[in-house]
Amino acid sequence: MSRSSVFPVQVQFGDCDPAGIVFFPNFSRWMDAASLHFFMSCGIPPWRELVKTTGIVGTPLLEIHTKFFKPATYGETIEVHTSIAEWRDKVFIQRHEVRRGADLLCEGLETRAFVVRPEGHPDRIKAIPIPADIKARCA
Amino acid sequence: MSRSSVFPVQVQFGDCDPAGIVFFPNFSRWMDAASLHFFMSCGIPPWRELVKTTGIVGTPLLEIHTKFFKPATYGETIEVHTSIAEWRDKVFIQRHEVRRGADLLCEGLETRAFVVRPEGHPDRIKAIPIPADIKARCA
Amino acid sequence: MSRSSVFPVQVQFGDCDPAGIVFFPNFSRWMDAASLHFFMSCGIPPWRELVKTTGIVGTPLLEIHTKFFKPATYGETIEVHTSIAEWRDKVFIQRHEVRRGADLLCEGLETRAFVVRPEGHPDRIKAIPIPADIKARCA
Amino acid sequence: MSRSSVFPVQVQFGDCDPAGIVFFPNFSRWMDAASLHFFMSCGIPPWRELVKTTGIVGTPLLEIHTKFFKPATYGETIEVHTSIAEWRDKVFIQRHEVRRGADLLCEGLETRAFVVRPEGHPDRIKAIPIPADIKARCA
């Protein structure tokens, strides 16, 4: 079985909209935080450290697919459960389940790539093959 | 051909992350704004007005599926082009294309429902069949 | 000595801007969360519960005054230390110190009021005198 | 009389909180956008361009002081009117008035500095004297 991590979130008043429930882009924000949390829990340094040794500046999204089952509101504590669903050559798919106790609130698949800034193009980013050592640490 | 709307966005410094590009949940935020903008451009009042006559409190998301093709950064003006891809009984699918000039930056499908607060349950929401008059206005 | 509460925050990648440091409105967001956290730690229910018995819908801001001393970045854990600096008739001043270990990162004073929706005006809010029981619980 | 700029904002559903009004940190977000908009309207390039010729990476906040007079809600268009209230040696004070038509919604003073990354310390930032050419363009 593969590694997984749990990222707790305390839902805030300001995370909720006039309908009184979490404004959905915040779930994407928390899944993004959970994505980095997953890597850090596997011993990978934060991007601003990693960039110095590997040139990697982050893992931007190529695709997200999220299903929302139940709303959440402020004052609640929820958890993002994160694992790697699939490693491909240049991309990987991260799976996030957001739970409140036994309830599954939403479920998201993220397709991401490790990116560097190409030499001579500090304004651009490009995907690199998944680094073997990172993959090994997260297996 | 069906109706469509164009929602312009000026990307701000604070919308961007340490990689210097738009932090992706902001695209979801702008698509959400473009969703409401679409309905208002069809002559539907904002939810806080609509609730008084119809009980409708909004159109929360059931599912989002977004593909990211190119990044954007601050100082740029981008546009969200929005239309209805499909009407079903209780849900509808909105399609958003985010463009910078001729460039397609990202593309999102949102599955949404019109919801009301069930009588006696002011804390809950439930989906209702797509109101015929709203559908007619948006066709 | 008066009550105080501590609200921990794990700074996320998406909380930071292209300069690599926390985008400052997030400090206001965390102080707002810390404000509610303070009241809940004093035994006050969340606003959506309180509204049912008291009509109180929240404690919107009248004024904020924040000084920023040191930046923070993602991967760091910081704490918001919150107390009531002053109770007046219809407003109160909350004081927040954001710390990373021994470092004081920023310091904010918030002037807030408890508000209700006036009868017959569900779209408006107005300040009420500080409820004595709330004040007593927070002393 | 000094220069001023006007930055329009269309308030979105997701900018509002469960009380149905703008979540206040968004006003700080819009003032920040208006701050950069002011400089760009004076002919200053965006920071990611300016950094290449001057090393300047932005104008982080040292202090904000905002008074909130009236709430705003989604579907409304508001304007941030921005000017320089004072230039000092290493800091300047920007003044923002947020208006909806003739109504003054809130008023903010921001104390900011131009910062660079000190040589050999790419992780740190430090304030520099206000560049004379930038000051001249904004006068």
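The first chain written gets the first letter, and so on, giving A, B, C and D; residue counts start at 1 in each chain.
Just so it is clear, a residue touches a chain if its C-beta (ideal position, glycine included) is under 8 Å from a C-beta of that chain, and two chains touch if they have at least 3 such contacts.
Keep in mind that this is a model prediction, so the values were computed, not measured.
Counting the residue numbers that touch the partner chain, chain C and chain D have more than half of them in common.
More inter-chain C-beta contacts link the pair A-B than the other of A-B and A-C. Distance between chain A and chain C, defined via averaged C-alpha coordinates, is recorded as 28 Å.
Chain geometry summary: the mean Cα position of chain A and that of chain B are 23 Å apart.
Shared interface positions of chain C, defined as residues touching 2 or more other chains, are 13-14, 17-20, 23, 25, 29, 32, 47-48, 58, 73-74, 123. With chains as nodes and touching pairs as edges, the resulting graph is complete, every pair of chains being joined.
Against chain C, the residues of chain B that register as touching in their complex are 13-14, 16-20, 23, 25, 48, 73-74, 123. Those residues of chain B that touch chain D in the shared complex are 10, 12-14, 20, 29, 32-33, 36, 40, 46-48, 58, 73-75. Chain C meets chain D in the complex at residues 17-21, 23-26, 28-29, 32, 47-48, 57-58, 60-68, 71, 115, 123, 125.
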